[in-house]
Amino acid sequence: MSLPVIDVRGLQYTYPDGTPALRGIDFQLAAGESVAILGANGSGKTTFLLHLAGLIRGDGDLRIGGIPLTDDTLTDVRGKIGYVFQDSDDQLFMPTVLEDVAFGPLHTGMDPAESLRRAHEIIATLGISHLANRAPYHLSAGEKKRAALAGVLVMKPEVLVFDEPTTFLDPPGQNDLARLLSALPQAKLIATHDVYFARRVAKRAVFFADGRIAGDGPVEAVADRFHWRLD
Amino acid sequence: MGHSLRLDEWARGASVLHRLDARAKLISVLLFLIAVSTTPPAAPLALLPIAALFALALALSALPAMELLLRTAIVLPFPVFFGLISWLQNGNSSFAAALVARSYLSALAVALLMGVTPLPELLRGLRALGVPAVLVMVLQSLVRYLQLVVDHALRMRRAALCRDAGALPRRNRQSLWHRASGALAVLFGRSYARAEGVHHAMLARGFRGDFVSLHPAAFTARDWRFLALSALAIALARLAPQVAP
Amino acid sequence: MECMHIPDGILSVPVWATLNAAAVPGVGWAVRRARQGLAEGHVPLLGVMGAFVFAAQRMNFPVVFGASGHLLGGALLSMTLGPGAATIVLTSILILQSLLFQDGGLLALGANTVNMALIGVWAGWLPYRFLSNGNLRTLGVFAGGFLSVLASAAAAICELRLSGVPMNATIVGVSTAVFVATAVLEGLITVAVLQAVERLNPGWLRKPQGLPSRSAGLLATASVLMMIGGVFYISALPDGFESLAARLGVASREQILFAAPMADYEVPFLAGEWGRKALGGLAGLTIIYGLCLTVGRLLARQRSA
């Protein structure tokens, strides 16, 4: 088996106010694999994901694409992780969709013309070319999510990380997103409350409880074991 | 808010002025403002040729002229107030008239500029003219999140009104005050959290503290022609009254 | 309160040119200071806090008889983000207000920036800086809100008088009363909101570094207050500023101390007042532009160093 794209060992993190958030996480994600992260609010899901992009730094050993995460490798690691945030409005901070999608390439050293070319290419792939010059404020939730995803895919990441991607989406929007995710070849890590959505986009699930991984296995089995379903 | 939305709508037009580079328009407007500002207050009629230039630009812009004139009238109270004072005090009606005319004409020029230039383009123009990237980025994110935060504030106010529905008369002023400051604190917290979220999103996409501009400068011959012409016209309009008394 | 946004066409050329020239290095300095005080890369996100101030100005606080007031925000921002960051936020707000709403002029931007983003913010920070670590803290917060509004207003009145806008004792008296009432309200709102913010998260408040000297703080606050009082008093006198300048011996009645070096006088090859003023305006603008570029370059160099 090849090297895992994400390799986390003994990750611990305590909030500045002293509350422990992660109490020793061990987790591996293989290339091309999709894993859903289930668990209650406050169980540490988002904190864990933020560590993967080096946005929070805790104690423990973290390797992304074989590179250990340190201050020096921060930029390289962020290039390998494509992080789609829960609130698309946080992510779409530029005046227009096109400028937003081009932001990543432009700020990792690509020249403006090439950044624009790649931005155009990726929004065409995602079918949102008609939104290129629109302001994010006027988009629907589904359009925002696609635009945010475009801004991430344009960086050609090895792993995609989604934090609650179905928040704000209506059922057709959720279907769209599920189809879109299944078609993407990258390894994926999806934190969600929606077991149905998790089953559509991932085979394996891990269950977070109290800053630890309490269960790991097929989505159905994990959901059953922790009674993680609607009545 | 309505005024700025209307300007934003107009800015998507396609007149001769709309198609010019933002920098050419901005510099022309600054020259225009200087011309207005240096007109002697004792002779308000000297403003006429400059006002004629504005009328010409307004015609070229193809914007609804009357609406622009009326909307911009919101700036009048300030100069009218001081105009009245100086009139009452010194009986100097021409100084008063000059104050009002200069203020109104200056505000009209800025309104016209914003009516033919989308704000993002203007901000890029500012950057290209040497305004520090940090300030331009603050302006950009202010524009981007303005509507979002204001919407949030309005929702909070609506929720507060719903709770008050049954108890409108004889409300306790202290509790109202308390509630308003609590609401502002929550709004502050939300804005703060939003700022951190945006910061994370920028870092995650490779931002390292320095901004790069996507749009390289494209100041064409047409922009140069416009700038030269408008500078000449403004100078002539400004100087004409002195030469021919 | 909008009357504190000075529009174009009111200020005389020397006044707006000088204040533009003063605002540029002032804001440049604030940018540098904010960069030191905030985490790297955080500065641009001040825009979101600017949006907060816009929204906050729509929230009404009941005062008396159905009348209401709202937060202006300069002091609150300086106490939470730090004065450097607060200057940047308020400067961007002023730029947008003048562009989008024609609220405040473009040539008068320097004046409005100096009044509100520099003088207002720092006058608001001063009492808080010295009193925030003791039992007089609430007084410090109130004094911050109060002083920030009053100092801005004093500066605006000062500029209007220097521009030859006539005012007599009655007008200055009435506007002083209005400004004092607004300032008291701003002080009260700042206290209420800051306390509520602190209850949510004490980490959002600035904790000033260094040894606080309460007496020095009171002295500084009192002197700012006296300066403001002096400005209002002189404004009320006919020819107040001119005669003050003459008495100080720094300028004759024809050559006011505060005028920009080139704006009003002695450009012999251009006859007539208009020529001198036009040239002065252009020269002022060129200087400002040069300063902008220089400050920008310096900042860029410092960052890459």
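Going in written order, the chains are labelled A, B and C, and every chain counts its residues from 1.
Basically, contacts are C-beta pairs under 8 Å (C-beta built on N, C-alpha and C of every residue); 3 or more make two chains touch, one makes a residue touch a chain.
Since the model is a prediction, treat every value here as computed from it, not as a measurement.
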> Of all chains present, which has the mean Cα position farthest from that of subunit A?
Replying inline: C
> Going by C-alpha centres, which chain is most central here?
Replying inline: B
>> Report the inter-centroid distance (CA atoms only) between subunit A and subunit C in whole Å.
In response: 44
> Which whole number of Å gives the spacing of the CA centres of subunit B and subunit C?
Replying inline: 19
>> Need the CA-centroid distance for the pair subunit A / subunit B, whole Å please.
In response: 39
> Residues of subunit C that touch two or more other chains: which are they?
Replying inline: none
> So which bits of subunit B are touching at least two other chains?
Replying inline: 140-141, 143-145, 148, 194, 198, 202-203, 207-208, 211
>> Where in subunit A do residues touch two or more of the other chains?
In response: none
>> Using the touch definition from the top, list the residues of subunit A that touch subunit B in their complex.
In response: 50, 53, 55, 75, 78-79, 81, 83, 85, 87, 89-91, 93-96, 99, 102-104, 106-108, 112, 115-116, 135-137, 151-152, 155
> Residues of subunit B touching subunit A in their complex?
Replying inline: 120, 123, 140-141, 143-145, 147-148, 194, 197-198, 200-208, 211-216
>> Please output the residues of subunit B touching subunit C within their complex, sorted ascending.
In response: 3-4, 7, 29-30, 33-41, 72, 74-75, 77-79, 81-82, 85-86, 89-90, 99, 101-107, 110-111, 113-114, 119, 122, 129-132, 134-135, 137-146, 148-150, 152-154, 157, 173, 176-178, 180-189, 191-192, 194-196, 198-199, 202-203, 207-211, 238-239, 242
>> So in the complex, the part of subunit C that touches subunit B is made up of which residues?
In response: 2-3, 5-11, 13, 16, 27-28, 31, 35, 40-52, 54-56, 58-62, 71, 80, 88-89, 91-93, 95-96, 98-103, 105-107, 160, 164-168, 171, 189, 192-193, 195-197, 199-201, 204, 272-274, 277-278, 281-282, 285, 289, 292-293, 295-296, 299, 303
